[in-house]
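Letters A, B, C, D, E and F name the chains as they come in the text, with residue numbers starting at 1 for each one.
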Amino acid sequence: MADKYEYEYFNVTFPREYVAHVEINRPEKMNAFIENMWLNLSAIFRRLSHDPNVRAVVLSGAGERAFTAGLDVKAASQGMLTRDTADPARAANAIRRHILEFQDCITAVEKCEKPVIAVLHSISYGLALDLSLACDIRLCARNTSFSVKEVDIGLAADIGTLSRLPRAVASASWVKDICLTARVFPASEALQFGLVSQVLDSKTLAVEKGLETAALIAGKSPVAVVGTKEILNYSRDRTVEDGLKYTSVWNAAMIQTQDVKDAMLSGIEKRKPVFSKL
Amino acid sequence: MADKYEYEYFNVTFPREYVAHVEINRPEKMNAFIENMWLNLSAIFRRLSHDPNVRAVVLSGAGERAFTAGLDVKAASQGMLTRDTADPARAANAIRRHILEFQDCITAVEKCEKPVIAVLHSISYGLALDLSLACDIRLCARNTSFSVKEVDIGLAADIGTLSRLPRAVASASWVKDICLTARVFPASEALQFGLVSQVLDSKTLAVEKGLETAALIAGKSPVAVVGTKEILNYSRDRTVEDGLKYTSVWNAAMIQTQDVKDAMLSGIEKRKPVFSKL
Amino acid sequence: MADKYEYEYFNVTFPREYVAHVEINRPEKMNAFIENMWLNLSAIFRRLSHDPNVRAVVLSGAGERAFTAGLDVKAASQGMLTRDTADPARAANAIRRHILEFQDCITAVEKCEKPVIAVLHSISYGLALDLSLACDIRLCARNTSFSVKEVDIGLAADIGTLSRLPRAVASASWVKDICLTARVFPASEALQFGLVSQVLDSKTLAVEKGLETAALIAGKSPVAVVGTKEILNYSRDRTVEDGLKYTSVWNAAMIQTQDVKDAMLSGIEKRKPVFSKL
Amino acid sequence: MADKYEYEYFNVTFPREYVAHVEINRPEKMNAFIENMWLNLSAIFRRLSHDPNVRAVVLSGAGERAFTAGLDVKAASQGMLTRDTADPARAANAIRRHILEFQDCITAVEKCEKPVIAVLHSISYGLALDLSLACDIRLCARNTSFSVKEVDIGLAADIGTLSRLPRAVASASWVKDICLTARVFPASEALQFGLVSQVLDSKTLAVEKGLETAALIAGKSPVAVVGTKEILNYSRDRTVEDGLKYTSVWNAAMIQTQDVKDAMLSGIEKRKPVFSKL
Amino acid sequence: MADKYEYEYFNVTFPREYVAHVEINRPEKMNAFIENMWLNLSAIFRRLSHDPNVRAVVLSGAGERAFTAGLDVKAASQGMLTRDTADPARAANAIRRHILEFQDCITAVEKCEKPVIAVLHSISYGLALDLSLACDIRLCARNTSFSVKEVDIGLAADIGTLSRLPRAVASASWVKDICLTARVFPASEALQFGLVSQVLDSKTLAVEKGLETAALIAGKSPVAVVGTKEILNYSRDRTVEDGLKYTSVWNAAMIQTQDVKDAMLSGIEKRKPVFSKL
Amino acid sequence: MADKYEYEYFNVTFPREYVAHVEINRPEKMNAFIENMWLNLSAIFRRLSHDPNVRAVVLSGAGERAFTAGLDVKAASQGMLTRDTADPARAANAIRRHILEFQDCITAVEKCEKPVIAVLHSISYGLALDLSLACDIRLCARNTSFSVKEVDIGLAADIGTLSRLPRAVASASWVKDICLTARVFPASEALQFGLVSQVLDSKTLAVEKGLETAALIAGKSPVAVVGTKEILNYSRDRTVEDGLKYTSVWNAAMIQTQDVKDAMLSGIEKRKPVFSKL
């Protein structure tokens, strides 16, 4: 069993073998994020990344009302409105540092070596997109309402949506539509354009599907799974030639794993292989 | 109100507050393009880009028969057939200069700081694709027939389709199919593969939807909208890391805008915010 | 007529003018690949690439049971299990050389100047994806079952799937889902997410559709077709600016072709143009 | 002979066959740049780029006191100090547009198809570096004093020095040293670290050497020269693989030139070849 | 005055206004690095990066015998020789995590917003190169002996030398020579090929020169200095076009600084400007 | 001992343990290259790359008169002048194929896993640069005369010089100077700008120095040497971040080598280590 993960605003449990479930837990505020939350989120995922007892992760939101309503604007605006400098350049430098730190916290999810499955439901606005786009697989409940909310509060989304969305979905036209209008769109539209790959009838079923998928992945060789995530992320951003080159170097070490032999033998013997920890 | 825009072959009107409507206007020739038209198109969009009275643009074609039938091949072929050099290298240099200038004119639409919504209908061949792919959002009427026509006249599309299409839609297989066969395909297929993000029942409804979407965008903070377009375009072509870095520098200045405070306050007070010009 | 192509495990025929049909022919082993096969595959496509009698290629699998079941794991594992070195670094170097050579063989299909249409049916696992993703257009029979099988044998797919898939389809979430779970998915799902662009009712109809599409392409100017494939492949991996620049240089020579005049004249005279060989 | 080039603040002459000499001509202000000057500079080089009577260009400064002292700070500061907006985001957008336009003007020198030789002397500060780094070859007189002056007026050089210098010279340590300290350095140091490739004893000799080199280049095939500049610029910024690929496409057209045959024949016949205009 | 920086193995002092001096302090072991040292190094530079009392940093080694002899091989080999896994893939994953963490610590020097001047002397082997190449300016004493030592202990340098050196110096041939032979080379050769930009007669003079240069930089606008470092680092790795674009966005905010007006006014009034903290 | 290498126009010998010496051997024609020679060159280097008896290679030219005078222009021009097509596009395609194949042959030297040391002397024109720039280290005799000759025969160098030179030397200005003027320059200038890293007094001494350097490299761990070459080549073309990432994956396997332990132990025991073959 994995060690205890105790963090304010997050429940971390281990409902299946090698599967962690991270639940955003501030339901009375629709799971809106304050600074401490993204710092904790980052800490959790950095730790899961190297935890040998974890092979796949599910991320969902507590309560019925929201995956997350996004940034806690009231809290954020207080910080924003009380800068201690009148010089626009010094203010800009302070803001840039702040954005980079915030981005790094969300990127910790993408950098987590183990696959992360986001399960969205109900209100999923603003940071809900930034955050779930840093995950590997996105499922949602039929009642999910999505919005890239940022232009409605006067700014361009800066924690990852605008950088990750164009690579993640089916239609550049649709990306521009939802980002420029901030309109709310339903699960069916998210599925149609590939933002999510599956819609389930309720939050409960969606979380269950997420855990099931995580368990399926956790049953595979962790060496193979970690490599698959890493190479897909690397290749997304680079030429095919560079992707192939990186793959060849990666697998030069990884194919030497005992797991290949174990997996092949299990296949022949028609039994479930057991892989050692990573 | 915006200044007068008078250009041959284009109607430029301002049907909603902060919304420009650019109409290709050579309906008797199915809006086919001659050189003067793309020079004018470029001039119009360079001007709209910095026009403080414009926050979103709709681009459509006059008449019922075509958004545009593409390049006016007769006019083009006259230029093409009468080179004044027998040296293939000198001819190549002249052609390269010509292509680069033509590409620049179409790219002016992509570089326009304000979002551009293409509304296609009926015949939309060849340059119709080059042009609408340089726009941000693509809507179409149900009667639209599309074709990447170039291979039918013996050449590879060189004004942008082949560079922009692979990033814009859902299926590499479909991209190759339509570009290599030059076959005509309907609105439903364009929607299925994400080339357009919405199909309307008629040209009138499609233009109306375009104007409505433009008005919706024009009601947002222009600082937020311009940044969202720019960062999405930047990120489309680069690694996620580079996208995030660029975003942090962009927003370091832009978040200092008064618009954020105005938008937040309006949200609290449940009224429509008013943003100053950009 | 084209020269004789005689290769073990592959049937190469010329069922239409300028169309080659390459059939993987090891049906008794479900067309599973042994090393000699990918070496032959590479040789065939390098030759087709420059063969003036070929303008489009169809790739399919012999027999009813499989396009290909993937790597012949039994043969592969023998090679894998009998390394002659105990030093992990020297083993890694040998493996890296092997992967690079194998990748090069599959990339020969992508580098083939002429378009390649993959027609999949029945079992299409593992290498079936690597291989068909190096093709330009993917069609399949309704009975096709797909799987990115590699994690099931303990490794990350290294012959191209992980590098090419993220650029080829509609949904990053779906890419991660199928690559991390190795689950089998049907033709309808492949179509929904754009992996294939068309599903036909049977293998026979799918092959027929492939040949028909190939014949359609083969009727176009080969100069235009080769350029379209090359520029699409180039642009897929680079910025739009770089794509446009490359296009301008490419077409500087190619637009000088006689084919443009022939195609235009045929258009006016409403007859099928005849293009000389490339 | 070439057409008349008449531009305020610039003398454009044609002292050798196919050689243009552009002289910055505001000596009473140490050739400091005001906005009109960079607009003119851009116009001149866009025109020289396509002028068939020009095959190489020399750029120098009039008078004895300076190549250029850089931006006319007094003029610039007036523009800078009188912005008409209090919103830092709107100010930022106006500044960004201004910088991009200014950069484009200097980049026109780099984009000029024909090689440009900068000849520096005496005071060569700030913009002197931005400008000469956009040229192809840099020579200087022994009395030149250089400075990357910008940090001394409170800003990071933004018209090209910081982007071009790291690729142009021998030592990253030296680049940081001169850019971060704004110290004045002599011709000998510019030569030692490769910023210039030759130092001449006086301005007169340096200009003479520039013209001689330009004449030497102007005697070569213009097809070969234009291609050499273009491919070197392209390759500077990209992988070797991409450089090679671009070269192969470029030369596919360019090697067909009559110039190759003329040059070879002249070599055999030991006479100076005559090339037709480009 | 800056806060107290107390770290084992490092002396951090503030010998000039806004100048920090970081001294590697394990002279009895020739300043060889153990894991705790690079963790501390990273902590120090992350803190200096945001410390408003610091505008430039000097990095040198305590004692006469070495800047640093590199990694403490004895300590490193103990870690290396006692892996707790026999599986080469799991070992590889553990090693990769370790290298990435070590690289990040050294990269903290490059990411420090404020310029860092390395002053080398005597033995400067292995990690001495990795570390000083992450600095901005490199000076050395005449008695310095350099070596890219790694191939002598059976491995390719992996903490940054091989990635940063090709961009930092004058000759690809020399880079390969010193990296492949691991030969010791003197200060004169380091200067000849641009690895250092200045050689001083003794360690004392070199440190003095480092502090003087740091003080010179610290007297400039910190907004200008931070921007100059950032843009040079960004541009080193990207195309000129991308460098220019990034610069325009960066300066859109930064030119709004009060420092520009202060610097200009001081220039006119011929007095030293005073800039507020960053 | 290594197997026999017998190739027309090349002498391949093994003068030191693990060192191969490849000599271009057509001295009666000043080692000018005909097509068969570059095909052979490629075959030789592909074989050396994987030959376990080879750890370093020296490349020089037979006879006193030339390293190589470049392409055998007479032979080349015959091919060039007798194209069998009048269509400039079809000619372009044939030329492009030819250039790509020629480039691949020269790139085989760069891709050779083992380091290659070029030793130049006397006439070293045209292809001499393309070829030696694909090598890792460049030495020359004092009597060497260099020229990037291509513009003199009417074309832009297309076999690698223009892509590799800008990354290899100290001064962009000098690169443009020698490429645009085709002037002959001496060994001292090649050293000054870093094209070669050492000049020896005679060809004999230069070859001797080359063999000595090769022997020095051949005495190191082949795992370390191969990795050092590969990572330097990779990093030359990419961002520092990408270089570091690739290095971490590469070394994850390679550090597991027995060579590290052997090298460390030998260091402690002050004896020469013996490494097993790669």
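A few notes on this one:
Just so we're on the same page, contacts are C-beta pairs under 8 Å (C-beta built on N, C-alpha and C of every residue); 3 or more make two chains touch, one makes a residue touch a chain.
Remember, it's a predicted structure, so these values are computed and weren't measured experimentally.
Contact count check for B-F and C-F (C-beta pairs in contact): higher for C-F. In this entry, D-E is the pair from D-E, A-E or B-E that repeats the interface of A-C, since more than half of their contact pairs coincide by residue number. Taking each chain's centre as the mean of its C-alpha atoms, subunit E lies 33 Å from subunit F.
The mean-CA centres of subunit C and subunit E are about 48 angstrom from one another, to the nearest whole unit. Listed for subunit A are residues 88, 91-93, 167, 170, 193-194, 223, 236, 238, 241, 245, 249-250, 252-257, 259, each touching two or more other chains.
If the chains shown are joined wherever they touch, the resulting network links each chain directly to all the rest. Remark: subunit A residues 73, 77, 80-81, 88, 91-93, 95-96, 99-100, 103, 107, 110, 150-158, 160, 162-167, 170-177, 179-183, 193-194, 236-238 touch subunit B in the complex. Taken in their complex, subunit D has these residues touching subunit A: 88, 91-92, 241. Subunit E meets subunit A in the complex at residues 50, 87-90, 92-93, 97, 223, 226, 253-259, 276, 278.
Remark: subunit B residues 115, 136-138, 167-170, 193-198, 213, 216-217, 220-221, 223-225, 227-232, 235-236, 238-241, 243-245, 247-257, 259-264, 267, 273, 275 touch subunit A in the complex.
Listed in rising order, the residues of subunit F touching subunit A in the complex are 234, 245-246, 249-250, 252-253, 256.
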